[in-house]
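Here the chain labels run A, B, C and D in written order, and each chain numbers its own residues starting at 1.
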Amino acid sequence: MSEPLITIAQFDEIVRATLPVADAHPYSVVSLGWGEAVVRLDYRDAMLRAGGTLSGPTMFTLADTALYAAVLSRIGYEPLAVTSNLDIHFLRKPEPRPLVARARVLRVGRRQAVGTIEIASEGGERGVLIEPLVAHATGTYARP
Amino acid sequence: MSEPLITIAQFDEIVRATLPVADAHPYSVVSLGWGEAVVRLDYRDAMLRAGGTLSGPTMFTLADTALYAAVLSRIGYEPLAVTSNLDIHFLRKPEPRPLVARARVLRVGRRQAVGTIEIASEGGERGVLIEPLVAHATGTYARP
Amino acid sequence: MSEPLITIAQFDEIVRATLPVADAHPYSVVSLGWGEAVVRLDYRDAMLRAGGTLSGPTMFTLADTALYAAVLSRIGYEPLAVTSNLDIHFLRKPEPRPLVARARVLRVGRRQAVGTIEIASEGGERGVLIEPLVAHATGTYARP
Amino acid sequence: MSEPLITIAQFDEIVRATLPVADAHPYSVVSLGWGEAVVRLDYRDAMLRAGGTLSGPTMFTLADTALYAAVLSRIGYEPLAVTSNLDIHFLRKPEPRPLVARARVLRVGRRQAVGTIEIASEGGERGVLIEPLVAHATGTYARP
């Protein structure tokens, strides 16, 4: 088991610098390991869609952010890594409350990194997923 | 060739009613046919990410909106249809200007509808894609 | 924790009855739980492709078979359930020896079931995966 | 419009040399353009599954072969290019007769190539698709 190659503070710095949309996307990194990240998304009414559930783009953005953190934990500080593919399955309608995503890198090559992301509503404690999953995604980041 | 089962005005009404985020997502439906939709996304600086390119979530949201319009053109006014899966490939970094998405339904069944979405930058005329594509997606909507 | 709704023998019966190709696809179900299946694929030289590695279609077929078993463990004996979508990422070139797939159902609805499949080479013991993964897939089965 | 960088005969040579399974997969390349390929799969009873329809692995293999041809038409003779991702949607149950796949490359980069594949039953003439599609796929090949 190795140490993550970036800190949470460095990741936040990259996201704030590179994604102006970060203000509308109130995420926080709960934990960061070597190839693993847990990211929490605070709840805002603007994320809702018909039926009182969170919108697909909200969950996509969370999945993308969590995988980004997990990938950077393996390749280090790299603001120019970009998503080349993301496949997301929406499994259940999430309730209007915070979401937690757990990303795990499956492979890091010289050219790209592949990983999975599980998303669920936040449970009793901050940053803890409660089953069942509301979404599952698989994504690829291209290394610059 | 049949007529689309909703009008552009009806689609706008559904999106405004069901997606509070619509204000941050300045789309407009350029055309709507039976199983086909062309949707334009105006450009905002908030969509940028590092390197002067549009963010992945921005393109995901556009793809999702365009497929939603194309699906409703086949199944009619249905605010509760939801995306169950979306797989997006980011092909090239788009320049900071409007994007156009062209969605096409491949199949409508009793339970779900599947379609593809091509995204490119807007060309000489409003609502016209210029090659090459910047993203390609395949998505599934579940019918309620 | 519930009991699986089919037995390994019933699953084998469905596969032999419905997939004539089963002879060229020498799989065996190692274990079957409620929403989970571990499936082993014996090695044949015909599965090889250039570079001495196993072919993509071989891994796709294994992923599909393992998810089918996991889905039937939740919905019971149902020869007419069919794959509606499968997204597979090939992570590493597998060596020419048996593969093991572990499928897990994420959600079973009235219309469809979604799950993931991890594939790796077989380790020291029969039916045991050894990391790292050689492929990861996500799939959807439609219920008839 | 450029010329394809391999001939049909060269492609056949690569497939026969690299995929021993080619005998069970009676494909033929109908046409090859720059970034485009039309590939036909002859029908065999072994491809059937329950309900008298063609199996998923059969269509996956055809999609993969057609995209391989389309990619090589752009990058030239390269036996070591491998599929890194393939996402396939099965849209309708195909009848027990020949299938035709049309692959189109969307982007070729230094590291990978992305394309789509449409599959339908063969129509009145050899190598001609008749709508509606029975499957649609998106795939990525990694360049060695």
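Here, a contact is a pair of C-beta atoms (placed from the backbone, for glycine too) under 8 Å apart; a residue touches a chain by one contact, two chains touch by 3 or more.
As the structure is a prediction and not an experimental result, all values here were calculated from the model.
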Mutual neighbours - chains that touch subunit A and subunit B alike: C, D
Label of the chain whose CA centroid is most distant from the centroid of subunit D: A
Which of C-D and A-C has more C-beta pairs touching across its chains: C-D
Mean-CA-position distance for subunit C and subunit A (Å): 28
Euclidean distance of C-alpha centroids - subunit B vs subunit C, Å: 34
Computed distance of Cα centres, subunit D from subunit C, in Å: 23
Shared interface positions of subunit B, touching two or more other chains: 84-85, 87, 89, 140
Subunit B residues touching subunit D - in the complex, by the definition given at the top: 87, 89, 91-92, 106-107, 114, 116, 132-133, 136, 138, 140
Subunit A-facing residues of subunit D, complex: 84-85, 87, 111-112, 140, 142
In the complex, subunit A residues that touch subunit B: 14, 17-21, 24-25, 45-51, 53, 55-58, 60-61, 64, 79-80, 82-90, 93
